[in-house]
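Here come two complexes built around chain A, the first alongside chain B, the second alongside chain C.
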Partner chain A sequence: MRLVGRPIPRVEDARILRGRATYLDDIEPPGTLHAGFVRSPYPHARVLRVDMSDALSDPRVIAGYTSLPGPPMAPGGKVRFQGEAVAMLVAVDRYALADALERVVVDYEPLPHVVDPAKALEEGAPLLHEENGSNVAHTARYGSPDAAGAAAPRVLEGELRVQRVVPAAMEPRGVVAAYDGHTLTVWSSTQVPYDVRKEVAGALGLPLSRVRAVQPDVGGAFGSKLIVYPEEVWVAAAAYLLGRPVKWVATRSEDFRATTHGRDMGLAFRVGFDGSGRVRSLWGRITCDVGAYHWGEGLSDIAARMLTGPYDIREAGVEVVDVYTNKTPLGAYRGAGRPEATFFVERIMDMVADELGLDPVEVRRANLVRGLPYTNPFGMTYDTGDYTGTLEAALSRLGYYELLRWADEEWARGRLVGVGLSIYVEVTTFGFETAIVRAEPDGSFTVVTGTTPHGQGVATGIAQIVADELEVPLESVRVVWGDTALVQDGIGTMGSRSITAGGSAALLAARRLREGLKAAAEQLLGSPVQYSGGRFWGPNGEAQIGDVVRAIYRGRASGPLEAYEVYNARSTYPFGVHVAVVEVDPETGHVRPVLYRSYDDAGEIVNPLLAEGQIHGGVLQGVGQALYEEAVYDGEGNLITANLALYGVPTFAEAPRYEVRFAERPHRSEHPTGTKGVGEIGAIAATPAVVRAVEHAVRRVRPGARATSTPLTPEKVWMMLRP
Partner chain B sequence: MFPPELDYVRARSLDEAIGVLASREDAVPIAGGQSLVPLLKLRAVSPGLLVDIRGLKGLGGVDVGGPIRIGALATHGDIEGHAELRARCPVMAEAASKIADVQVRSFGTVGGSLAHADPLADWPPVLMALDAEVHVHGPSGSRAIPMGDFVRGPYTTALERGELVTGIVVRDCPRGAAYLKYAYRHGDFAVVAVAAALRADGGHVSEARLAAIGVADRPLRLGQAEARLAGVPVSEDAFADAAEAAARSVSPPDDHRASSGYRRALLATLVKRALRAAAGR
Partner chain C sequence: MRVGLRVNGTFHEVDVEPRALLVHVLRGLGYRSVRVGCDTATCGACTVLIDGRPAKSCNLLAVQVDGAEIVTAEHADGLLERLRKSFNAHHAAQCGYCTSGMLMAAYALLSRRERPSEDEVREHMAGVLCRCTGYQNIVRAVVEA
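Showing the complex of A and B:
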């Protein structure tokens, strides 16, 4: 029986849930020293002098650095966000380190700062990077420049905003590095060990063969660990220079400032439409607050290029402006541009419907792309699907109209509930990925995936795929990852790509190995053979797959023992319809997520249990974006939501009841796995659905109310409810 | 947790604890650690000596024999789970259950909460509405401080150097009492919360006590709202009137969590709801 398609519990569970996983902080080679950073309390300042002499007078302090191989500390003699590193100390233990960090004296000359992107674009605004001449980090234009002035029977203009959030992975970032005189090993809580290896080797002028990067178990990342951070290179460099293991683990407060934030985009739009709700034109200008450094390249571009969403809007144009401000740099966060695009276009669809007094579903239906593949005005080609058919199926499976009727009845009983619907198309998967499938001497198989899972259950999914391809039991396949000593190159887990790019690479490697083993079996048995269920047979007899493998290991047959496959995966496009139900307290403005239903066509679903888990987690992050979370900077440039006591990540107690469904007859991608990816769906679809649900409730009390920015805090909802 | 170097001693008796605390300027007691440890973690405080009082006999426990006596070391969880207390004074169990989460409730103590005097701590408004007494013991002996006089400001109390909270006494817990806490997320510190204790006689209010947090830099007794309730018929109108008076009597802080105006509106809503809940018990 095929394993793909079955809801198999994660094989990773036994380790993770019993506390047997090895996270970064669990790694401590003998003699490890501890590194820490002196970080700027100012959002923008010139660093005049760093005096480490007092700290270094403590015999427990081994070294102090204001520069190391790798990126410069305080580049150009300035710090540009609160929390930026100006110096690094290395001490014998963390107590000594914490004491010593307080004894470093830094003379700062505070400079005027700017935290509001609109102000940062004004004439005379403080410049973060003087050599750049302005605070504009990047601009781009996509689609038709004429969209801005396009004629249409009705026109609506407005502004929308998605707030800045903190990815807040449960495990903060951290690095351990050790140099044994020959090999520099770098363990990092990262999504990109291959890039860590390359950057460290590059900074130290070492050949790649002498640098090994290891991704231990990682307690969440959500995109915030997919760049190589300066600390990773500096800690590795210190270990190399000192010849002793060095470790750095961020505290939670440090992580809140020194790990990239997400979202933070605004859209000014002009939409032209007719009386039936058909959208004739869409023009938008996306302003993205990238923070102090442009580490999150491409986020606003993706948002721009997905701005028309699943709708066939031919006359469309977008301008993008990325702006520097004195904040933590922006980076990828689950969805990376697509949640923003989806929020924008779904808000616009709701507004068009409200303007015309039409059913929001009617307006969406009138605009949905018909006939795939479809190339949107920004050159993105949606591969497969049946958007109108899936919408109709979703409406009935999700009971959308029943929920609306129920909401009416509840209101008649005095209870204020709202129902919101969102539709999305998202782009997943890009680039090459690597897999090695190796036959072990006992006939079991090891798969080394180039992906870098960190909680998703990818190892289970890939094991299912490979076990099916080899026709062996799941228990015969073990999946490992995250060590450049195991696999030299890959990209990693991000962009909902692992099961599609990594799974396809593994599938093709398994197929090639199986063909190779078949040829070996034919040598052994002296005849053409057939294969099924782990057994080769022909007219002269049969051989178990393990027998064939052992024959190769012992030189009695020739054939491959492993297959190394690199698969280049073009992008693919999941599509789906989500419905959120919330209850609103009309007196306090408090919003309680009650129910969440989803219906997704994400291609083949390798493991419905794990796919559902991905939807749950993503949805809760989307709920957080809609209702709870915001990285708030005050006028002085202080991050005031600076740790988990002050920053409202929703917990299990805030979670709605989930009812997750996948399309019964999904549209496969072109990839061998037929998958499209599910990792980011929830984070993309949930925010607009929840926001509409709140607005739907509020509009019973205040018919004209409109939600244009997130988060919809209770106070904001309370304001919307007031006369 | 990597605080600056500090000494630690586990006190064996109340007198020993008080002796050490009185003799060393840089000594602080530690009970459940649920407020102190986060501060140590952030290096926001740097005591030279922690005097662990958790092992002290006679400072824990809940006794509902006569007046309700709760030892300083009773945890929020002890109070929440105490069946007889829940029967005698349900509002205390209700309030305890709204503090943080299970982990915090099973370590954090009522004495620690009072001594810490976080302006958003849940115990002070409840104990103010119950007219509780805080019992303290120090170098110059024992005294009882009315709850209304105990909190002097944010993180500031009537405790003198070397004094420890030993317990609280609630002489009068009306059945008609309720604690309404509004927080953004389950288990968060309150934005605004209101405790109400209400007695009626022949359909008229004979006694009303109200206290709130989140509308000033410290817990407040809502005297003007109480005054509006004196002797009036128990009714929605009376509650609305009291709510309005309460809202008018405060000038709440304005910060990134909530504006002053929103806090004021929440106060009115919660006063009304707390009175309604109290009247319904």
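Showing the complex of A and C:
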């Protein structure tokens, strides 16, 4: 019986549920020293002097650095965001370290700063990078720039904004490094151990063979751990120079400033449409506040290139401007450009419907892409699907119109509830991925995946795929990852690519190993053989797969014991329809998410239990984006939502009830797994659905009300409810 | 200062700085399931049972709990095994970083209430944050443990 497609509980859980998982802070080689950073309280300042002498007079303090191999600290003698590192201390334990960090004296010359991207673009704005000549970090144009909509019967203009948020994985970032005189081992709470290894080796001038990077259990990342941060290189360099193990683990407040933030994009748009709701043209300008350094390249470009969403809008053009401001650098956060694009286009569809007094579903139906594959105006080719058919199925499975009727009835009883629908198409998967499938001497199998899972359950999914391909029990397949001593190259877990790219690599490796073992079995049995269920057989007899493997290990047959596969995966496009239900308190503007239903065509679903888990978690992050979360900077450039006490990560109390469905007849991708990816769907679809649900409720009281920016805080909703 | 702690049935006598946080002392003793996720006593990843009641061990000094009976997620008994099975069956753990805190909060609830309702679970466990699961599977796992 095939394992793929079944809701098998995770094989990863045993360690986690016994408290035996090993996260970064659980790694502490004997004699480990503790590193910490002196960080700027100013958003923009010249660093005049760093005096560590008082701190270094404490015998518990081993070393202090204002520069180390790797990226410069305070490049050009300046700090450009609150929380940027100025100096690093190394002490014998974390209490001594905390004492010593207080004793470092830094003379700063505060400089004029800018935290508003519009102001950062004005003439005379303070420049973050003088050599750049302006605060423009990047510009691009996609589609037809003259998509002005002049020819359309109706034109609507407006501005939309998706706020800056903090990924806030439950485990803060951290690094441990140890040098034994031969090998430098770097453990990091990262999504990209291969990149960590390359950057550390490059900074220290070491060959890759002498640097090993290990990704231990990682307590969540959501894209915030997919670049190599300066601290990772500096801590490794200190361990190498000192010849002693060094550990740095960010405090939560430190992590809020030193780990990349997400989203933070605005769209100015002009949409042209006709009386039936058919959109004729869409012009947009995306302004993305990238913060102090351009670490998150490509985010606004993805948002731009997905701006027409699942709609066939032939005349479309987008300009992109990435702007430097004195904030924490922006980076990938679950969805990375597609949540923004989807929020923008779904808001526009709702606005067009409201302008015309039409059903928002009717407007979407009139514009949906018909006939796949389809290349959008920005060159993105949506691969497979049936968008109109899936929409109709979704409307019925999700009970959308029944929910609308129920909301009417509730309103008649005096309860203000709203129902919002969103449709999305998103792009997942890119690049190569690596897999090694190895036969162990007892006939069990080890799979090394180049992906770098950190909670998704990828090891269970890949084990299902490989066990099916080898026709062996799930228990015979063990999946490992995250150590360059096991696999030297890969990309990692990001962009909803792990099962599609990594699973396909593993599937093809397993297939090749199976073919090689079949040839070995034919030598052993002296005849052509067939294979099924772990057994080779032919006219001369039979052999279990373990017997063949043992024969190769002992030189009695020749054949492969492992297969190394590199799979290049082209992008693929999940599509779906989501519905959110909220209750609004008209007295306070408080919004309570009540119910969330989803219907997704994400290709084959390897494990529905785990796929549903991905939707749940992604949806709650999208709900947080819609209602609760925001990285707020005050006029002085202080991050004032600087820790979990001040920043609104949703709790048990805010979570809606989820009802997740996947398409009964999904459209496969071209990949061997047939999958399209599910990791980011929830975060992409939920925000526009929740925002429309709030607007739907509010419009009963204030018919013209319009939500154009997130989060919809009680204050904002209260204002919308009033004339 | 000398502090005596009984952790999962094992007695430890340790010399601690007066300012040492309980979470650091427990981790130093090898109870690594007790995790640090914040610095404001918000996230609950460090939740342990102290004399049967759930507490955030980052918000206590070790010297405050001298003589206490402490239970961490490494503990093994019938109730914890039931919770573990249920968490696995309902896919209630993803990255796992909050999971020790979730197990401890659930253990405290089920120790005094055999069949809690969904709402009771949500209210009782709201002191532990999770960024991965969206909470629903945790609620189910506790209700059906």
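Throughout what follows, the second predicted complex is superposed on the first by the 721 of 723 C-alpha atoms of A that agree within 3 Å, B and C clash if a C-alpha of one lies under 4 Å from a C-alpha of the other, contacts with A are read in each partner's own complex, and residues count from 1 in each chain.
Here is the rule we go by: contacts are C-beta pairs under 8 Å (C-beta built on N, C-alpha and C of every residue); 3 or more make two chains touch, one makes a residue touch a chain.
What you are looking at is a predicted structure, and each value in this text was computed from that prediction instead of being measured.
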item	value
Partner chain in contact with A:538 - chain B first, chain C second, else both or neither	neither
Touched partner set for A:651, first chain B, second chain C, both or neither	both
First (chain B), second (chain C), both or neither touched by A:126	neither
First (chain B), second (chain C), both or neither touched by A:158	neither
Touched partner set for A:95, first chain B, second chain C, both or neither	both
First, second, both or neither for A:5, with chain B first and chain C second	neither
Chain B versus chain C as contact partner of A:620, first or second or both or neither	second
Chain A: partner with more touched residues, chain B or chain C	C
Chain B versus chain C as contact partner of A:718, first or second or both or neither	first
Touched partner set for A:71, first chain B, second chain C, both or neither	neither
Chain A residues contacted in one complex by chain B, in the other by chain C	94-95, 253, 645, 651, 653
List of chain A residues in touch with chain B within their complex	94-95, 97-99, 102, 253, 587-588, 590, 628, 632, 634, 640-641, 645, 648, 650-651, 653-654, 713-715, 718
Chain A - residues contacting chain C, complex	9-10, 12-14, 16-23, 25-26, 94-95, 168-172, 217-220, 222, 249, 251-253, 454-457, 609-610, 612-613, 616-621, 643-646, 649, 651-653, 655, 657-658, 682
Interfacial residue positions of chain B with respect to chain A in the complex	2-5, 38, 42-43, 182, 184-188, 191, 256, 258-259, 262, 265-266, 269
Residues of chain C defined as touching chain A within the complex	17, 19-20, 24, 27, 31-33, 35-43, 45, 72-74, 84, 87-89, 91, 93-100, 103, 121-123, 125-126, 129-139
